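Below are two complexes that have chain A in common, paired first with chain B and then with chain C.
On to the complex of A and B.
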C-alpha cells in the first residue's frame, strides 16, 4: 500500500482549502495576471532589465567536488547561476484573508525548493535566490492565495494585519503602499515592498467580496467557521496540545481528552 | 471641578480623516458638546503626516438619552458599516504628577 498524505484533517471549508493549498499536485488557480517587470518593481531588489547580481560564479564553472548528494539534488535556477539571497514578505489580514502565515509556511514547504520561510503572527517572509524569489512571488501574487485587499506585499512596516479594515475594506497599511482606486474599483500598488515610489501604479485587480473570501479562507474564526464546528480538527489540536504539555512530564500516562 | 462625561464612538472600520472631520464638524455645532477628540494609527501618505481614525471621544455637558440619540443619528449617517457607543471618561481631564514636573498648567 502506498502512503497517501492527508495534509490536514476535517470536513469544513477552511480545512478543505488548507488541504488544497498544501497538496503540491493541486495547481493554484490563477485569478489575475501581473507582468514580470511589475513583479520586479514591486519587489524592488533590482531595476527591471538589470542583470542579476551574483555571490559566486555559476555552478558549472566552479568545478564542484564529487558528492552523491550534489548529484542527487538538482540545483534551482537561482542556485545554478549563483544569485544573491533575496526575500519577499506577505502580510495576511485576520479578516478572512485567503491564507494565513502559518499555512503559507506549510504550503511553501510542499511546493517550493531551495527556500527558507519564516512565520510570524501577521506576516510571512520567504528567502531564496533572487530569480527563485521572483518566480515564487509571481506565482503567489497571481494565484488565489492573494487577495488585493486582505493580503499585502510588505518588506517593512508590516503592522496592520489585526487592525480594523478601512472604509473601502482594505487592510491598514501605515506606508500606504497600495491605494484603492474608486473609479475602477481596483487596488493599485504605488510604492514597492519597502515603501519607495514606483514610476507607474501597478494594478492587482479588484478585491474579492466578503462571501467569496469566506469560501476561500483557511482561517477558522468565531464569525465564520469556528474550529468547534469541525470535530476532527479540534481533536487534532487537542492531541497536539496534550502531547506537548504532558508528553515530557509523564510520558507513560495515557492521554485523556 | 465638574468632570464631564464622554461618549466614545468606536467605528467598526478605520475611517479616513475626511470622514472624521465631517463627523467632528457636525458634532461641534451643538452647544452641549464641549470637546471632540479623535485618535487612530498614523499613516505616511504622500510624505505628509496623516492618520486614520479609530476612536472619537465626544465630551458633553450632560449625558442623557436625547443627546445620545442625536449622536447616534449622526453616526448612522456617516458610519453605515456599524459602530459601538460607550459612555465614560476616556481622556485626561486634570493634570497628573508628570504634568506638575513639566510645569504644565
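On to the complex of A and C.
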C-alpha cells in the first residue's frame, strides 16, 4: 500500500486550511500580481536587473565528483548557478493572518526544495539560493497565504504580530515599511525588507475582509475556532505529548505512573 | 472563564497601561511622541548628551537606534502590589532591589557548628557551652565583615562599608536556642507558623548551623566562589580567637577543616569548565533552592499560589535577567522577556484560576495521584484558559507581545496547577510540556528557538530520575543539560517546584536550612515580598548594601 500523507487532522476550517497549504498537490490560489522587479525591490538583496552574486561557479563547470546523491538530487536553479544564500521573512499577525509560522515551516517543507526555514513566534524566515528565494517569495506574496494587512515582509525589527491593529486593521510595523493608501484602499510598500526606502510604492493590494480571513486562516482562536472545538486536533496534541514523554530513556511505565 | 469578567486580576493593570478597553482589538500607532512619552527615556536622552559632552565619546543617543515609542511605552504593575513601574526601571542595572536580591543569595553560606564543637571538646579539650558559643558569635560578627582577631598590625575593612555582613545561628533545638543571645538567632518559632516550624525543627534536628553573610561588596568585586573562602577564613580566625586555640598544632588542621568546610551548604553548585563559574553563582542554582529562598509561604501559609508566583518572580530575576540575560548572553532584551512573569497580574490570574479550577474539580489540593488523564485534563484546561485570555483581551496579548512571554505564562500556569493538584513537581513539569504543545497547535506559533527546540525534546526526560537521564525537578537547575539556554523557562520551573510543596503543606521544597536562612529580618532584601521589593527598587525607594559612597569624592 502506498503511504498517503494525511498532513493534519481535524475537521475545522483551520485544520482544513493547514492540510490544504501543506499538500503540494494543492495549487495555492493566486490573489494578486506583483512584478518580478518589485519582488526584487522589496527583498532588497539586489537591484532589479543586477546579476546574481555567486559563491561558486555554475555546477556544470565545476567537474563534480561521481556521487549517487548528486545524481539522485536535481539541484535547484539557484544551486546550479552558484547563487549565494539569501532569505525572505514574513511576520504573521495573531489576528487571523492567513498563515502562521509553524504552518509556514510545514508548508515550505512540502513545497520547496533546497531551503532552510526558521520558526519563531511572530515571524518565519526561509533561506535558499537567491533566485530560489525570489521564486518562493513571489509565489507566497501573490498567494492566498499573504494578506496585505496581517502579513508583513520584514527582514529586521519584526515585532508587531501580537500587537493590536491600527485604525485601518493593519499590523504594526516599527519601521513603517508599508502604508495604507486610503484613496485606493490598498497597502503599499515604501521600504524594503530591512527598512531602506524604495523608489516607488509597491502595492500588495487590498486587505482581505475579516470574514474572508477567518475562512482562510490556519490559526485557532477563542474568537474563532479553538482546538477544543476540533476533537481530533486536541487528541493529536495530547498523543504527541505522551509519545514524547514515554519514549524517553528509562521513564516510568505509564501503567505504574 | 467568563468573557468580559472584570474580576480578572489583570484588568486593573490593563486599564492603566492602555487608553482603550482591554477587549478592543484596535488602537493607534506612531502618534505618542516617540521616546518623549516616557520620562525615564527623556532623562536618559538628556543624560546621554551630557555624558558625551563630558567624556568626549558619544554614548546613549536614541536617534541612532530604532526609534522608541512608536506605540505606547507601557508601564508595568508589579504583581500583587499597587506599584506601577517604568519599564526601564525593571532592568537589574537600574534596580537596586533586584541587585540586592541576588547579592543576598550569592553572599550567603551555611556552615555547621556541630563538627567544630566536637573537635573542640574531644581533640582540643575545650569546653563548649552556650556562653562560649555566644562569645564566639560576638567574635565572628567582628571578623566576618573583615576585621582582625589574631594578629596585630592588620589591615581591616571600614565597618561602614561592610555593615551588611554578619553571622546568625539556628537550630531545631529550642532549649539551646533559648540560651543564645537573640541578636544572633534566626528563631524558627518566630519566623514560621507552628506547623511549618515543627517540620523545620524536626528536619534540622539538634544540630546548630551558622548563616554567614559575607559583605555584599566582596561578592561583587570577587564572585560567588569567594563566599566560602571569605567565610572560612573569618570563621577560622574567630574560633582561634574565641577559644584561644594554638595556631600551629596538628589538631588545628582537623579543626580548621571541620570548622570551615566539614559541613557547608552553598547556595549553588560549581559550573563545569565550559561555563566556568564557581559555586554561589546563578547557573548552579537548583530550583528547590530558589523556591526555598522565597518566604511567601511563611507569611501567607494558606496561599500556595502566591508562594509559587513569588518564587517565579525571584527566579525570573536570577535565571533570566541576570544569568541567561547577562552571564550567558549580555544585553537588555531579557528583561522584557522576564518581567512578563511577575508584572500586570497576568500570570497571577492564570495561576489562581488554575488553583481554583483544581479545587473545584477535585475538592482539594495535593490529593490527586499523578496520571496521564489528570495531567491531560488539568494541563489542557488551564492552557486553554490562558490562551483564551490572550485571544479575548488584545491588551493582554499586546502586553505579552513576544511568543516566549506567553509560552512562559501559559505553561507555568498549567505546570503549577498540576503540581498543586498532585503535590508532585515532576507531574507539574509534564503539564508544562503538554501546555507547550497545546499553545503551539492553537496559535500555530510558539516561542523563540529555545522553546521550539527544548520544549519539543523536554518531555522525553520528564519522568527520568537516573543519572544522565534526568533528576527530580527540585534538584534540576540552570545547568541541567537542555536547560542551559532555556530563557523564560526556569522562572516557572522554580514556581512549579514551589507549587508542589506549598500545596502539600511542606515548609520547604528542597532544603530546610535554606528556608530558615532566608527567614531573616536583617537581610536588606525582603524575600517574603519579592515583587514589592522589585517595585521599591523601581521607585528608587530601596536602600541596598555594598555602597561605596564613603570612599569616593
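We take it that the second predicted complex is superposed on the first by the 245 of 257 C-alpha atoms of A that agree within 3 Å, B and C clash if a C-alpha of one lies under 4 Å from a C-alpha of the other, contacts with A are read in each partner's own complex, and residues count from 1 in each chain.
One rule holds for everything that comes next: contacts are C-beta pairs under 8 Å (C-beta built on N, C-alpha and C of every residue); 3 or more make two chains touch, one makes a residue touch a chain.
Every value quoted in this text rests on a predicted model; they were computed, and no experiment measured them.
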Message: Based on the shared chain A superposition, would you classify chain B and chain C as clashing or fitting together?
response: clash
Query: Looking at the overlay, does A:122 come into contact with chain B only (first), chain C only (second), both, or neither?
result: second
Message: Between chain C and chain B, which one touches more residues of chain A when both complexes sit on the common chain A?
response: C
Message: Quick check for you: in the superposed arrangement, does A:218 touch first (chain B), second (chain C), both or neither?
response: second
Message: With both complexes superposed on chain A, which partner does A:233 reach: first (chain B), second (chain C), both or neither?
response: second
- request: Mind working out whether A:166 is in touch with chain B, chain C, both or neither, as first, second, both or neither?
  value: both
Task: Answer with first, second, both or neither: which of chain B and chain C does A:174 touch in the superposed model?
output: both
Message: Using the superposition on chain A as set up above, list the residues of chain A that contact both chain B and chain C.
response: 159, 163-167, 169, 172, 174-176
Message: Please output the residues of chain A touching chain B within their complex, sorted ascending.
response: 159-160, 163-167, 169, 172-176, 195
Residue numbers on chain C that touch chain A, as the complex places them: 20, 24-30, 66-67, 70-71, 370-372, 376, 380, 384, 387-388, 391-392, 394-395, 397-398, 400-404, 406-407, 430, 433-434, 437-438, 440-449, 452, 456-457, 459-464, 466, 469-470
Message: If we count contacts the way the header does, which residues on chain B are in touch with chain A in the complex?
response: 11-16, 19, 41-46, 52, 54, 81
Task: Under the touch definition given earlier, write down the residues of chain A that touch chain C in their complex.
output: 14, 18, 92, 94-95, 99-103, 118-122, 157, 159, 161-167, 169, 172, 174-176, 218-223, 226-228, 233-234, 236-238, 240-242, 244-252, 254, 257
